[in-house]
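In the two assemblies presented below, subunit A is common to both, partnered first by subunit B and then by subunit C.
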Partner chain A sequence: MFSLALKMLFGDTAKYLMLVAGLFFATFLIVQQASVFCGLMRWTTATLKNVAAPIYVVEEQVEQVNETNPMRDTDVARVRSVSAVRWAMPLYSGIQRVRLADGSFKTVQLVGIDAASLAGAPQRMVEGNLKDLRLPNTVVIDELAIERLSVDFKDPAKRIKIGDSFEINDIEARVVGICQAMRSFTGGPYIWTTYERALQYTPPQRKMLSAVIAAPGKGMTMDQAAAAIEKETGLRAYVNRDFGKNERDVTTGKTTRYGDFNTATVWWYVKNTGIPISFGTTVVIGFIVGVAIACQTFYAFVLDNLKHLGALKAMGMSNFRLSLMLIFQAFTVGIIGFGLGLLASAAFAMGALKNGQPPLYMPWQIPVAAFAVIQVICMLAALMGIIRLSLYEPAMVFRA
Partner chain B sequence: MNFFSKLLRYGSLAAALLGVVAIILVSRTQAEKQMPPAGDPPVVPPRKPFAHSVAATGILEALSENVAIGVPQSGMVSEVFVKVNDSVKKGDPLFKLDDRDLLAQQISTRAQLDVAGSQISINEAQLAKFSAQLARLDAVTDSRAISKDDMENRRQDVSIAQAQLAAARAGLTSAEASLESISMLIERLTIRAPRDGSVIQLNIRAGEYAATSPKSPAMILGDIDKLQVRADIDEQNATRIRAGQKAYAYLKGDTSISFPLEFIRVEPYVIPKVSLTGSSIERVDTRVLQVIYSLERPEDPPLYVGQQVDLFIEAPDRN
Partner chain C sequence: MNPQWSSVPDPSPSPKLVIDASGIEKSFGDGSSRIHVLKNVNFQAYIGEIMMLVGPSGCGKTTLLSAIAGTMGVDGGDIIVFDNELGKMSGAALTRFRAKNIGFIFQQFNLIPTLTVAENVSVPLLIQGLAGGKALKRSREALEKVGLGQRWKERPNKLSGGEQQRVAIARALVHDPPLVICDEPTAALDAKNGEIVLDLFSQVARSPGRAVIIVTHDNRIFSYADRISHMDDGEIVEVTKQSRTTPPHFEHEHTIALTP
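Presenting the complex of A and B:
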């Protein structure tokens, strides 16, 4: 029976291609757009990934990592005084302007870390020694900075390298290391230096401490330690795990107080920018295109084969078995269309991952959800065929 | 035609399978590109020595506190008698300001002393002359030989000469006094150590101008055999501080060695925090309670006055 169904399906090559193409486009649009959206949202939390620390302690009202309210210098000691904290170090994070040798300006994401422990240092050094950061006027740049801060990136001889220097707010910064880092939402490369020097690079303000990074004490989870910090200091303590539910999430009315800084940051962008609307629209269009093409083509396909199906019905095949055949056909087309869509998405993703542009992050939920959506489309199409078929009288075959 | 449709059939199936494989590959590559989750920092921060503690930052000082040596008046430095690290006793000369103007005054005053001396001699001679004249007249027994008026004149001459002599003597004393005061002023320009200690900072060299501003002391004196730590504690943690609490200090930059501290006192006055990070002196953030601990100077590593330390002070839990 199933081989008959397949024979019927592949029999009309043009219709088959049409069906697969519709589902292919739907899959590609859904997977690719959803991945780019996730990637873009992930970029907003780049600081949290690059400055890996279990707990971020920030000012009480801070909702996301890219918009911090500076605290007092002594708040480091206050966090350190909490018994649940194993260590706590100061962190500066802010956008600064860099002037290159040829006089052009670039914005960068400046990160200042504790000079003694180097807590918050880049985790993957490509070149150079991290401890050289303790030398005067030194910085560690990321790979994106090579592209951005080189006078002429196309000429390998003119690329910025260890030993080269540029200016941050008129103060010399000498490169002692190059590291791998995730790109930021604002597009500026990450530049690491020590906390004290970051304060010198930055125009003076009354308060300059962006955040305190901390780790939970022995036998404590991040969440317990964060709760203890909030209780004892009155500051806001976020854990830095990943986007997702957290045991300290509290929803009151319409607003939610998130326990994880990643989640809080992503939701801030979702609520305060038009990004989800624009991507959401594309995903919905993908779904509609899929439904329209698939349903229409499948219906036409069923109409075309109505004679054969009717003959089968006349031969005594039950409606149920015929429906099963149609469902099987739709399911097969769905899998093939979905697979082809994945192939195209994967090609796109490989390119994006290699370039670092455009943003792309594909959690396993995206292909799984896309598969479900495609199957829903197919079943919808099959349903239309089934309805048409069940209304069809077997006697009609002989009438023509 | 048959071949074409077969190709399409199996080709699309194979491509679909390939798609699933490719997406798994993408997911792998993506996982490799992710930054690893947070771990310990490259240099492990100091382990807390107490279960419950108050953390603070501090600065090393000489036990006697650092004495910023001031000058009585601004002026040029003519000579410096000590070097950095020299140990000095109380009263030892440290440096000297330019005293040439006073020396010049001294010369003219000394000349005045001679003038005053010769003035005395003149007056003494005069007194002797008048006294002799009076004595001669006194010796005449016949009262008719000398007029009463003449006699009286001679007597007054002697008194005047006596008064003039006294005045000349006073002039000498005054000249001597001003000479003494000039040498005291000269002596004042030699700055001496107010207490025993070592020179831990020397900001002045011969030929430089020493100002009276307290911001830039000419030199800093301190007893560096024993050090003390001045710890800044955020006022919000001040309630957890009690006299006699145990504490440990860690040098900034070297977390492997801890130094046991001994409580000395709590400063009773809470001051605005002056950031210890260097250039940012004017950045007054918050008020801090200062607690003083003494520190035995270890053989190794060498410690220096002015170094920053991280402190942990044993304190009861907040709750």
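Presenting the complex of A and C:
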């Protein structure tokens, strides 16, 4: 019977294509918009990825990583004094303006790290030597900076390279290395320098320490160390792991979840900006469009075939088998529409990854959730057809 | 006992009763818009006969046919088909009963346009749970019997009206039902095709253990009936018996044997 169902479905080419198009469009909207939203949220935590310290200690009112409430330099020593801490280093993080050779200005995300340990340094160098950062007036830039800080990026000869210089607040910054880094939420490139030099590049303020990055002591988990820091210093300590990930405490065997900076940052943006509403609206529109097109078209398909389905009913096909046929038809177009939509989303993602924007991150949960949503749409469409068919008396087939 | 039927002799010395419907009542609508469609109708049909239900439009022919076929419930009376009282059967049992015992031929053929002719014919077998390959093989054999064996791959819209009705006949008979129910089978056909189709019905009714009930108001085909029930205003007003005629050319044009 399923082959009959498929032939009936594919035989009505116009409605079949309309159904697939509707579900394709819904899938693409849902997956693409959800992925861009996740990508954007990932960008908000770019500093946590680029400065990969296990624990971030910040001023007690700080709620997310892009918010900086300066602390005293002595706070570094206070954190170091906590027995649960293996090491603790100062970190400067702030947005600064770079003056290029042609006189134009660009905004960058400046990161100052401890010169001795280089804790918080970029993890993947593409060119140059990280240790050269200890030389006077030196910086390491990320790959985006090549595009943003070059006078003429299209001309390879005019692209910024190791040895080139620019100015930050009238102080020379000479490039000694190029690294890979995640793009920041503000869209500016990351530039690393030492903590002391970062303070020179930055207009002076009474307090300038952005955060203390730290690592747990031997035998301690990140959660335990963070808890100890908070208890002993009164500062806010966040652990740095992926969004929503919990940590298993090796000593108790229990899954614990201390304040994760990634999660806190993402939730802060979700709660305090209109971003989720904007993307959520588009996702809901995708769902509504999918429901509208799929339900309307599938219902029309059932109506068009009602006399044939009624004939099958009269000939002894049960309502249950007819319903199974309709569900099978709906889910078939659902799978095809979803597959095509996912392919289109993947093509979009490849383009986005190649160009570096728009932000895009597609965890496996997005396609799975989109598949579930599409199947819900198909179920609704099938349900409408089933209700209509169940109300159709087989005797109606004798009415000309 | 049906008073109308008492005036008509039995069709054979010991006919087997296929359908015994008595006191059938059926109304549609409520209150002042209520229409009494079947009024204390008694109806019998026997094995081996072509029984026609005739009468003007709106007299209740199709409603009676639907009730006999088990596709519509009635308000009163009993319908016994092959010793099964339809009124006492559950919906699922009625559905199974129809699938096994009744072949349907509709006025508008009701062939599914996206299926091939053979696939259309195989539908009753698939409903009974036969595998697709076997069903298709038997449907091609049935198409051979109605003279369309070479056209099994074609879509219904490539066939003429008469050919489509022959496909519908093959579909109605492919699972060898003992009762064939036809609703205005010649209404959409010209005289020539109507004659071909009725020739086939004659053969079908001659098959052992089978009865054919035809609803029609096409007086060109009355001569094919063994008995005719005349309906008017929801009642059977007369039952007539006649000798069935078979056009002489039929035996040459179609050599069909519709029972295995």
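Convention: the second predicted complex is superposed on the first by the 386 of 400 C-alpha atoms of A that agree within 3 Å, B and C clash if a C-alpha of one lies under 4 Å from a C-alpha of the other, contacts with A are read in each partner's own complex, and residues count from 1 in each chain.
As a convention for this text, a contact is a pair of C-beta atoms (placed from the backbone, for glycine too) under 8 Å apart; a residue touches a chain by one contact, two chains touch by 3 or more.
Owing to the predicted nature of the structure, the values given are computational and were not obtained by experimental measurement.
A.B. asks: For A:R78 in the superposed arrangement: first (subunit B), second (subunit C), both or neither?
C.D. replies: Touch status of A:R78: first partner only.
A.B. asks: Touch test for A:A346: subunit B only (first), subunit C only (second), both, or neither?
C.D. replies: Once the two structures are laid over each other on A, A:A346 reaches subunit B alone.
A.B. asks: A:A215 contacts which: subunit B (first), subunit C (second), both, neither?
C.D. replies: Once the two structures are laid over each other on A, A:A215 reaches subunit B alone.
A.B. asks: Touching A:M8 in the superposition: subunit B (first), subunit C (second), both, neither?
C.D. replies: After superposition on chain A, A:M8 lies in contact with subunit C alone.
A.B. asks: In the overlay, answer first, second, both or neither for which of subunit B and subunit C A:T44 touches.
C.D. replies: So A:T44 meets neither subunit B nor subunit C here.
A.B. asks: Report for A:A116: first if it touches subunit B alone, second if subunit C alone, otherwise both or neither.
C.D. replies: A:A116: touches subunit B, not subunit C.
A.B. asks: Considering only touches as defined above, state whether A:A311 meets subunit B (first), subunit C (second), both or neither.
C.D. replies: Only subunit C; A:A311 stays clear of subunit B.
A.B. asks: Quick one: classify A:F398 as touching subunit B (first), subunit C (second), both or neither.
C.D. replies: Touch status of A:F398: second partner only.
A.B. asks: In the superposed arrangement, does A:M182 touch subunit B (first), subunit C (second), both or neither?
C.D. replies: So A:M182 only meets subunit B here.
A.B. asks: Between subunit B and subunit C, which one contacts more residues of subunit A in the superposed model?
C.D. replies: On the superposition, B touches more of the residues of subunit A.
A.B. asks: Once the two structures are superposed, pull the subunit A residues common to the subunit B and subunit C interfaces.
C.D. replies: Looking at subunit A, the two contact sets intersect at 10.
A.B. asks: Which residues of subunit B touch subunit A in the complex?
C.D. replies: 4-5, 8-9, 12-13, 15-20, 22-23, 25-27, 29-30, 33-48, 51-57, 232-234, 236-237, 240, 252-255, 273, 275, 277-280, 283, 285-286, 288, 312, 315, 317-318
A.B. asks: Under the touch definition given earlier, write down the residues of subunit C that touch subunit A in their complex.
C.D. replies: Against subunit A, the touching part of subunit C is residues 62-63, 65-66, 69, 71-72, 92, 95-100, 102, 104, 106-108, 110, 112-115, 119, 123-124, 126-128, 132, 183-184, 187.
A.B. asks: Looking at the complex, which residues from subunit A come into contact with subunit B?
C.D. replies: For subunit A paired with subunit B, touching residues are 10, 13, 16-17, 20, 49-50, 52-54, 72-78, 80-81, 83, 86-89, 114-121, 123-124, 130-131, 134, 180-182, 196, 199-200, 204, 206-208, 215, 217, 232-233, 240-241, 335-347, 349-350, 353, 360-362, 364, 367.
A.B. asks: Could you pull out which subunit A residues touch subunit C in their complex?
C.D. replies: It comes out as residues 1, 3-4, 7-8, 10-12, 305, 307-308, 310-319, 321, 393-395, 397-400.
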